[in-house]
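In the part that follows, the structures are each spelled out as structure tokens.
Both complexes below contain chain A, partnered by chain B and then by chain C.
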Partner chain A sequence: MSSPTILHGGGSGVPSGTAAPAPAASTPAPRGRRRERGREAALAWAFLAPSVAVFALFLLYPLGRTLYLSLHGNDIIGRPDRFVGLSHFAEMATPEFGGVLLTTLLFTLGVVVPGVVGALAVVLLLEGVVRGQRLLRGAFALPFAFSVASASVIFSVFYSPGNSVLNGILYQLGLDQVPWLTSQEMALWSVCVTTVWMNLGYGVLVLAAGIGSIPKEINEAARIDGATGPRLARDVTVPMLGPQLFFLVVISTINALQSFGQIHILTNGGPVGSTTTLVYSIYQYAFAYGTSDFGRASAQALVLLLVVLVCTAVQFGVLERKVHYA
Partner chain B sequence: MRISPQRRGVGAAALLVSLGLVLSGCSGEAEGGTSELTAPGPEVLEGLDEAVQVEFWHSMDATNGQVLDGLIEEFNARNEGRIEVTGSFQGNYDEALASHRAAIQQGETAELIMIYDLGTQFMIDSGQTVPAQAFVDADGYDTSPIEDALLNYFTVDGDLRSFPFNNSTPLMYVNRDAFEEAGLDPDSPPTDLAEIREAAERLTVRDDDGTVVQYGFGAAVYGWFVEQFMARAGVPYCDNANGRSGRATEVLFDDPKVVELVEWWEGMIDDGLAVQIGRNTDDGQAAFTSGRAAMTLESTGSLGGFIEQADFEVGAGYFPLISADDPGGSIIGGASLWINGEGHTEQEVRASWEFVQFLLTPESQSVWHAGTGYLSVNTDGYGLPEAVERAEEFPQFSVAAAQLADSEINENTAGCMMGVMSEARVAAEEGWEAALTSDTPAAEAMAEAAGRVSTPIREYNDSVGE
Partner chain C sequence: MTAAPSTSDPAARTPARGGAPRRGYRHGPGRLLGRAALYLALAVLLVPVLFPVYYVFAGALMEPRELASFPPRLVPDGLHPDNLLAALEAVPLLRMYGNSLVMAGVITVSQLVTSALAAYAFVFLRFRGSAVVFALFLSTLMVPGEATFIPNYLTLSGWGLADTYAGLVLPFLAYAFGTFLLRQSFRQFPRELYDAARMDGMGHLRFLWTVLVPLSRPALTAVGVYVFITSWNMYFWPLIITRSTSMQTLQIGLNSLKTGEAANPGLLLAGAALSVLPTLALVILGQRFIVRGLTAGAVR
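Right after this comes the complex of A and B.
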């Protein structure tokens, strides 16, 4: 981590006022001063120690362990018992795993795009509502309060084959029945809809806060120039929401890539693997069906880590340039 | 995403030395106790200062959990100061097995554990438990009242491996009211696929636009049913005589019989006679109890719930045959009890066995059967008051026992014994579902699915050194 910066920051905060100007660092410091600086560093490390320990225990250790497991085969109890090199990674070059990655990609797009656009639409439309705006915002933000499990159970009732609430409504309207979870083509989108609904509340909260922080003068200036309605939204509000939108895209991408509960409850990855995303595939190898194949699961977990890193890096590289920070 | 935080080992710790992080290994070997897995006699429980503690891991919750807790309480009351059993719910069967694996790694297994039928071969191979046969032999315990089909399943290589306890067999359930409305006789429900189709044609109700409002049939795409259909058709599920004459090396659910079943199922859905359920058995149950599907397939364990939830009269018949000339027979499902020896004292092992004997008495089984709908593992249990009363009130409760009694005992009805049975079951479901949800022909889908299981089987057999 960037410990030098932290140390420097910590040092300048000490009231003794020894914060040295930059050039002083390159000239040899007097002995006493060096000792003092050493003490400061020690103090800083002492303060950092708890968080470093927690970080190491809960992030670095599991990461190291995952790496170790990914290079080993398991016995039937799940204990690593032989070194297999990179063969778990080599095995991934199959159409099945390609299918898992494609499903992951489709799921992520199907969650992030409608989720962010939907939240934006809700917030912009609510801007036009004068009375009860706060109440409506609260209502739209409500899904945020649902746990993944309860939201998924509710949707499983909506989708339930044979007794689908949604199909009941369609039937009343005289429309065709939809195989929400039992068709390979539909199931993924049904899970996406559930996830979008769950994420909508958070998006609304973030964007509503963003709108509230746009300076009034800007809106007034735009109005004086004759911008109203859609024009105002497109050329003023949305660009001013750049940082919030960017944040939402990054966070919901990571969330989508790590989604598990809704898939587990609604489809178990089926029908025929059509909703098996990378996370679900990891779960299946490691825990489902009494397999305990921690080697292959760990190898896939590292692939997931890589995917998340690449997505986030690309988003920062491409999108963030376009974001206007007020 | 989280990969087993509790599994730590020396190798990974090495990675952390640079971080100056000291991790105490907790994967020590089990301490003390009996390392040879033998059955101690009753004398080990004599002259104890305090009651022997037995922790019992199980997967029974809701109604079934309450009935089990009642039995545990009764046992503890009778053995006060001698043995104290503590029940501990470990989640569903898969979760309990995962917890047990972790416990083996840490050398902290419970004294007694309930493991589902599919985990039987794994339990044998992991070598942690005292074989049930050892207790039977040491005590001269009489197994003759135990249901033959259960002994058939849990006996491997001539030895009984574990004690059957909560066991079931699947039935065909019918909506009696719908049968009567359609002019069918609910007392003789269909017995094979052709008859189901005939009945379904009369049971299916469409509205004026042709939309189906009541389907004739609807059941989950559940791998257990494939196992049952194969046993009843007299074909083995895996090679080497269902894995009982040697390690199984491949699964055989691409058999023409199964292909016939899957094609029939597809036709039922395509023709609007059956509702497409998917793999979730809860959805299959809901389709039946809501009246949406007039016939379904489910475990005997669902009977109590069906009677309670459905607002029509529930009937039960034998699980169907694929074709009328199939020999019939039935495999059991459910779980059995395993007594851990590795890492446990002789007292603990003996105390667990005492408790198991209590659970297998006709008295306990009568209570268990009446309260849960599971079979009475001890067939004498059916003659006792609780079971008799239940059977008088709901004659459907007797169907499962009759079906088992009618079942011939052979290797096909013993069921497949294999280390990766759960994976095989899922593969069968996926093949079946692939045929239902895509253009892939049934034969191809089942063959592809069966082929996919070969690698896990080989790897499992390799890792147990065979």
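Right after this comes the complex of A and C.
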């Protein structure tokens, strides 16, 4: 298993999505062969069964049940007790839910744009480093080890209004204190900063792997033509990183849409709902404060599902196209 | 000869990037300034990235009064275990450590087994609709967990599995990402070896277990490390499915530290430091595998 990528590219072309041609078993008699095939298929399904069972029970069935719940009202402990049609969806046309969507959008932008730009800046700068490049890349990747909870807890110390580290540093620099989590204007951006910090390492690893896959001849040729430093980065490296940058944008977007822990730990959706994103709103309706409003929460979960599906579909669509002429 | 000095040239250690000539031309103050700017920019980016990593351990080892001082201290004046001990006392962190370990361990092993079996079926076994089933497998990856958590919570509570290990792990015993990654790896397995093993009358399970798995260890490790880190770090699901402190995972315990004691920074940093040790070790020691697992979708 020395160099998978080379084997991969040089081998059978590997069109995505199609199954590998099965081994051409030179079985003797047609009847025996038929039975052999039947046994093979049975074995295949036996091998797939554990995965299929988990997907059916905890993915497919829940999707159906989410749809069912979204069309029903429920009693105080969350049991669906009446059909309400699409009224949960109609109720979303309120300024309140509009605010949730806007917060989700701002949060996503505030995480994806700095995250991708930052990761790109890091890998491009690292390209210019001759010695210690791997070590530095590893250092930039370290935050990846931190869970949402641990990162959020650390940043809550940084942000805490009393003896906070960040305000202390600002104080020593003679700058004004910042109400990191306590002001409606700042809180969302503070949560974004935490998220960007957590995710930067992932972006660096993805883009560094992309740079590693750029054929050396291309860099050599560009160098011989006199392109160095910033010009090499702008005219060669960044364009060649197109697919990885696109992948990173989509994955970061999906991750941002699903972010929950940092909001739960840092702000609980506040102050005054200013950090309540779609996922957090789902959580609040379903599980917080003992409301158990599974109907409304499920309707919102379907909205989330739809948004994520669109993002994924865009990714697959564009990537499929790219594969053909990359 | 011009070839001789290249061995003593430090830049020659990265031959693929065309070491020797790079140092040769375009010397001078402009280039030096460029270098300086490069390292300065890297430092400006690196400091905020590494500061939290440093501070979580530094702060965890400070004395409570050091943490309470303003402006805050950045370097502990000694190694004090007070915060660590207090954190362990405030919340049953060791028990939660165990819970996280059990949860992440079971999920990792289970996903490795289910993924390897499914990937084997897709690569080595012929059956009707293989391509369609694989596409369906992939489509499961598009569904965000948050869209299924409510029904899963209801199902598992209905089975009386809320606040149990089974409830923590059941929805995650299989995941198509591992199947996808292992399928890529199994496809590179030399077909002749497979045919030879089959000719010798070796059964599928035995071939999978004694030949394929040992030879696919890098891919399995990549999947394993990735699954372990992501499930160790899970937050939403453990938060809703567990109730008692004795069943909570470490990540939920961290939140309890925050809400329980009146935001004592020492406890929080100590808890975070303890919680991050295993994954930090994995990231430092197993970065090669992580890169492989993480970037599988990005690099073809």
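As a working rule, the second predicted complex is superposed on the first by the 257 of 326 C-alpha atoms of A that agree within 3 Å, B and C clash if a C-alpha of one lies under 4 Å from a C-alpha of the other, contacts with A are read in each partner's own complex, and residues count from 1 in each chain.
Criterion: a contact is a pair of C-beta atoms (placed from the backbone, for glycine too) under 8 Å apart; a residue touches a chain by one contact, two chains touch by 3 or more.
Note that the structure is a prediction, hence the values are computed from the model and not measured.
Counting the residues of chain A touched by each of chain B and chain C gives the higher count for C.
In the superposition on chain A, A:Pro62 makes contact with both chain B and chain C. In the superposition on chain A, A:Phe294 makes contact with both chain B and chain C.
In the superposition on chain A, A:Trp197 makes contact with chain C only, not with chain B. In the superposed model, A:Leu304 makes contact with both chain B and chain C.
Of the two partner chains placed by the overlay, neither chain B nor chain C lies in contact with A:Met92. Judged by the touch definition given at the top, the superposed model places A:Val122 against chain C, while chain B stays out of reach. By the document's definition of touching, neither partner reaches A:Leu106: not chain B, not chain C. Look at A:Glu220: by the touch rule set out above, it reaches chain C but stays clear of chain B. Of the two partner chains, neither chain B nor chain C is touched by A:Val178. The contact surfaces that chain B and chain C form on chain A in the two complexes overlap at residues 53, 57, 61-62, 65-66, 69, 78, 160, 163, 171, 258, 260, 279, 282, 286-287, 294, 297-298, 301, 304. Residues of chain B touching chain A in their complex: 1-5, 7-9, 11-12, 15-16, 19, 21, 23, 94, 97-98, 101-102, 104-105, 118-119, 122, 125-126, 209, 211, 215, 218, 275-280, 283-284, 286-287, 290, 292-293, 419-420, 422-423, 425-426, 429-430, 433-434, 436-438, 456, 460, 463-464.
Put simply, chain A touches chain C in their complex at residues 1, 4-5, 7-8, 11, 14, 17-20, 22-23, 25, 37, 40-41, 43-45, 47-48, 50-51, 53-55, 57-59, 61-63, 65-66, 69, 78, 118, 121-122, 125-126, 128-131, 133, 136, 138-158, 160, 163-165, 168-169, 171-172, 197, 200-202, 205-206, 208-210, 213, 216, 219-220, 223, 228-229, 243-244, 247-248, 251, 254, 257-258, 260-261, 264-265, 279, 282-283, 286-287, 294, 297-298, 301-302, 304-305, 308-309, 312-313, 323, 326. Across the complex, chain C meets chain A through its residues 10-11, 13-14, 16-18, 22, 26, 34-35, 38-39, 41-42, 45-46, 48-50, 52-53, 55-56, 59, 67-72, 74, 113-115, 117-118, 120-128, 130-131, 133-135, 137, 140-155, 170-171, 173-174, 176, 179, 184-185, 187-188, 191, 194-195, 198, 204, 215-219, 229, 232-233, 235-236, 239-240, 250-252, 254-255, 257-258, 263, 265, 268-269, 271-272, 275-276, 279-280, 282-284, 287, 290-291, 294-295, 297-300.
The touching residues of chain A, counted against chain B in their complex, run 53, 56-57, 60-62, 64-69, 73-81, 160-163, 171, 174, 177, 179, 181-184, 258, 260, 267-268, 270-273, 279, 282, 286-292, 294, 297-298, 301, 304.
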